[in-house]
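In the two complexes that follow, chain A is the common piece, with chain B as its partner first and chain C second.
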Partner chain A sequence: MEEVRLMKGNEALAEAAIRCGCDGYFGYPITPQSEVMETLMLLKPWETTGMVVMQAESEVASINMVYAGAGCGKKVMTSTSSPGFSLMQEGVSYIAGADIPALVVNVMRGGPGLGTIQPSQADYFQTVKGGGHGDYRQITLAPASVQEMADFVSLGFDLAFKYNILSVILADGLIGQMMEKVVLPPYQARRTNEEIRKECPWASLGRTADRKRNVITSLELEPGPMEARNLALQEKYRTIEANEVRFENVGCDDADYLLMAFGSSARICQKAIEIAAEQGIKLGLLRPITLWPFCTEEIQRQLSHIKGILSVEFNAGQMVEDIRLAVEGKVPVAHFGRMGGIVPTPEEVVEAVKSNFNL
Partner chain B sequence: MTAQDIIKPENLVYSKPSLLNDNTMHYCPGCSHGVVHKLIAEVIEEMGIMDKTVGVSPVGCAVFAYNYIDIDWQEAAHGRAPAIATAIKRLLPENLVFTYQGDGDLAAIGTAETIHAVNRGDNLAMIFINNAIYGMTGGQMAPTTLEGMKTATCPYGRDPQLNGYHLPITNLVAQLEGARYVTRQSVHTAAAVRKAKAAIRKAFENALCPEKKGASFVEIVSTCNSGWKLSPEKANQWMVENMFKAYPIGDLKNI
Partner chain C sequence: MKHEIIIAGFGGQGVLSMGKILAYSGLMQGKEVTWLPAYGPEQRGGTANVTVIISDERISSPILNTYDTAIILNQQSLDKFESKVKPGGNLIYDPYGISTAPTRTDINVYTIDAMDTALAMGAAKSFNMIILGGLLQICPIVDLEYVMLGLKKSLPERHHHLLPQNEAAIKKGMEIIQLKEN
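This part shows the complex of A and B:
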């Protein structure tokens, strides 16, 4: 029977991690996501599924612990919020360079600097464009409900292991903190070391006599082989772009104008669509679920009939740049956003549509 | 007796461990790293634990340790090896997980990871090569550089007014509840090599203990004759006369 509960996004994510067979969580407290580790510590999964839960000395340490677990072929994750994600960029880049699968959750708060503990979506660039050094990408999932906070744990791990890549759940403080009904996923067994040895023959579990040593590394000093490694990464990224784009289309196909939004701002846009309809304005919502890979083709498909796109984000205008790249100047593209932890109202969104498109 | 007689198998008294492969080492002649690598390979082979050993290599001269010892490895970012080893140990509790780090890695950029990894008391084995200089980047000042010692970034000698003091991190580590075995060794004589090997063996045996008893930390006071701009022989002499005063050889803790 399905298990339905009323939970915070952060709590649902922690529950889902235990249930999906996660082997280890390594974290460091930071608002507004501390409930993730608090929930895990309270549930003591090491006594049930055998999942390891550890409080590290810093986000620098926790992301390197994730690197370590990923290098062992284990399903490992961490969660943090924006300033912590900045600290993690070293490990994030090494995970990309070493071609290993892992999951990071960033429950965004406002910046720059210490900023605010209120919700924000200002880490879009950092995540989608790569906040660490080198040419790399990470699959970025943007949940818009507590249910998706739970569901994307398993999806994030599946994609990470399918491509040996880092998956990032890019949530915002609202999704982490708000309570909603959630259907919890069923329990899935953790893999044994023998299963990992078969599924991840590259993993560093201890060298058996029948194979050479496995080395988890991103280092290659020879320019030729290093370029080859980079080219292989880029080829992987093109495959992901071809196969893993996810989005939600809410009434776009008969809309005059599109709202584009991810996470909490998409929820506000749903209400804005209803208000606009009462005023005779036909809006649709195109909600990217994967921020990378981005729904460029779907945007281009909509250009046949729409007159403009408004990107609604809790930031100064970040995703709007990718929308403009997709649109190539064919229709007007505008941005509406609030910063500092201010969440815009649906009415403000409708006003922004009207003022930007002279309605 | 001819050369052919001498090389007969029955006359063999010593050979390099098979886990130490034939890749040409990048270390300078006279460097201590090669000897310590050999000891690690010997101990793993003698204990028969290749299939449950994971090494964590550092950033610094030993960055390519994984090219020489035929076991599974993870290459850590600069200073992060103890955090990485901790996670591997938690996820693979029956494995021997050891770190291999130099002084800049362990005692400067990775000080937090070092202290906290030891303090959590996991059964880790940590090998610390202290040659008081950054070798790989060209001989800059390390946290363990002695007062008055010249390096590329303290060309007039380490001045405590400018650079503070040499950091005896092993003494700090020994103070922690999570440390079980803390020792300081060297590899500059045959006798010292034998003692260093015994220390590494003890650390590895401790790290395989079924109960959580604490971290084992082996500092090897080492030479960097290239960085010190001395011949290998003079570097050994300089180490005995200067380094051993700041970093006395012997056990600091043994529970």
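This part shows the complex of A and C:
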């Protein structure tokens, strides 16, 4: 049964994890996402759905628990915030190399280093360009509401299992801490081991008489087979780029200038559009929902009628590089952002549009 | 209809929970709501504030620069937010703990003696519900029956016996809020 609640983004995410039939959560507390594990501990899903919830001794341990669970074909996840996500990068790269599905949530805070606990979007590069080593990609979902914090858990798992890839929910402290109305999805049963064996024939869930043992590894010392593995990964990434781009177009088709923003920043831009309209400036918002794969084609489609693009991010300018790659110099592209946990106001965004495009 | 509110005071005054009850009340009445706290170390005894938006339509930015109504519960918050009230908007404050009164003349300024009243009622913790009552009196954003539903949803069940006391405090707040003459 669906249920309407008022919840923080972090709480909604935890509820959604239980409801989508998640088998295990392994985490280590860090602000501003500690409510995820707190909510799970409070709800005790091990008594109802049988979902395991475990506080690991560190982020390094939690990502490796995820690696192990994922190798068994289980729906497993972790959540953390920026410094914790950095610690996880070795495990993230191994999961990519081993070609297995899992879900990681990063509720970003300001960096670099321990930085601040206030909201930030400065882990775009780390997530979209690969924070770990090797040629790998991860599907990156950027929620802009508490509802999407809940919805993207099951979407993230679905995509992860469809392609045997890591899905990342890249949220920020603002979405994590904000309360909004959320419609929680109905309960979905956890898969049985039999179902997992059928859907994930690669899973190392105990050898059966009819097949050889499955091996989950990212190690391949022979250059030939290792290149073949890489080529197979790249082919998978091209398929995902062709099929899984998601974005929201808010009035772009009759706008003069585009704002581009993801997550909380997109919410602020929506208000900026209202303010700009009162001043006679026609803005649209193109909000990438998947940061990888990126909405390159949609940007190019807009170039026929727009005069410029402003990328609004809580960072020093990261997504703006992907926008420039898409635009290929055809229209001016600028960036506006605040750092250190400071969230820009809609009025500041409108001012930035005016000053960058001489309006 | 859209109403953008900031509630600001000390941590421990019930700022965040008042906002939560207000947001839950709006939700119970079928409205769109956002509740955004200034989270972080400043909540531990320092200043605390929360932005609540209640609207009939989808809410864009949860972060605001100006507000329809500011509820101010200490001097630091008054200094910070008096200038952020939209012209024609409302500023509600409890004179308890305020040394320099607001000076703007282009907004409606209301006073509510919530702290003194709460102490007189022998229920210091009802302070924030008295303030909430004052807000509802001047801006009937949500109907009282939905506020009571919101209160029931936000309070843990073990505190449900306190619902009548909270309702009394809200009604008291509705009575004692006063427009401040300039």
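Following the convention adopted for this analysis, the second predicted complex is superposed on the first by the 357 of 359 C-alpha atoms of A that agree within 3 Å, B and C clash if a C-alpha of one lies under 4 Å from a C-alpha of the other, contacts with A are read in each partner's own complex, and residues count from 1 in each chain.
The rule we apply is simple: contacts are C-beta pairs under 8 Å (C-beta built on N, C-alpha and C of every residue); 3 or more make two chains touch, one makes a residue touch a chain.
Computed from a predicted model, the values in this text were never measured in an experiment.
Of the two partner chains placed around the shared chain by superposition, chain C is the only one that A:268 touches, whereas chain B remains out of contact.
In the superposition on chain A, A:347 makes contact with chain C only, not with chain B. Between chain B and chain C, B contacts the larger number of chain A residues. Of the two partner chains, neither chain B nor chain C is touched by A:45.
Applying the stated contact rule after C-alpha superposition, one finds that A:66 touches chain B and leaves chain C untouched. Of the two partner chains, chain C is the only one touched by A:174; chain B is not. Look at A:54: by the touch rule set out above, it reaches chain B but stays clear of chain C.
Using the contact criterion defined above for the overlaid structures, shared-chain residue A:32 touches chain C, although it does not reach chain B. Within the superposed three-chain model, A:117 lies in touch with chain C and out of touch with chain B [touch as defined at top]. No residue of chain A is contacted both by chain B in one complex and by chain C in the other. The residues of chain C lying in touch with chain A in their complex are 20, 23-24, 27, 32-37, 39-41, 59-65, 153.
In the complex of the two chains, the chain A residues touching chain B come out as 23-24, 26, 52, 54, 56-58, 60-62, 64-69, 71-72, 74, 76, 90-91, 94, 98, 193, 204-209, 212-219. For chain A in complex with chain C, the touching residues are 4, 6, 31-32, 117-118, 173-174, 177-181, 264, 267-274, 343-347.
On chain B, the positions that touch chain A within their shared complex are 50-54, 56, 63-64, 66, 69-77, 80, 83-88, 90-92, 95, 112-113, 116.
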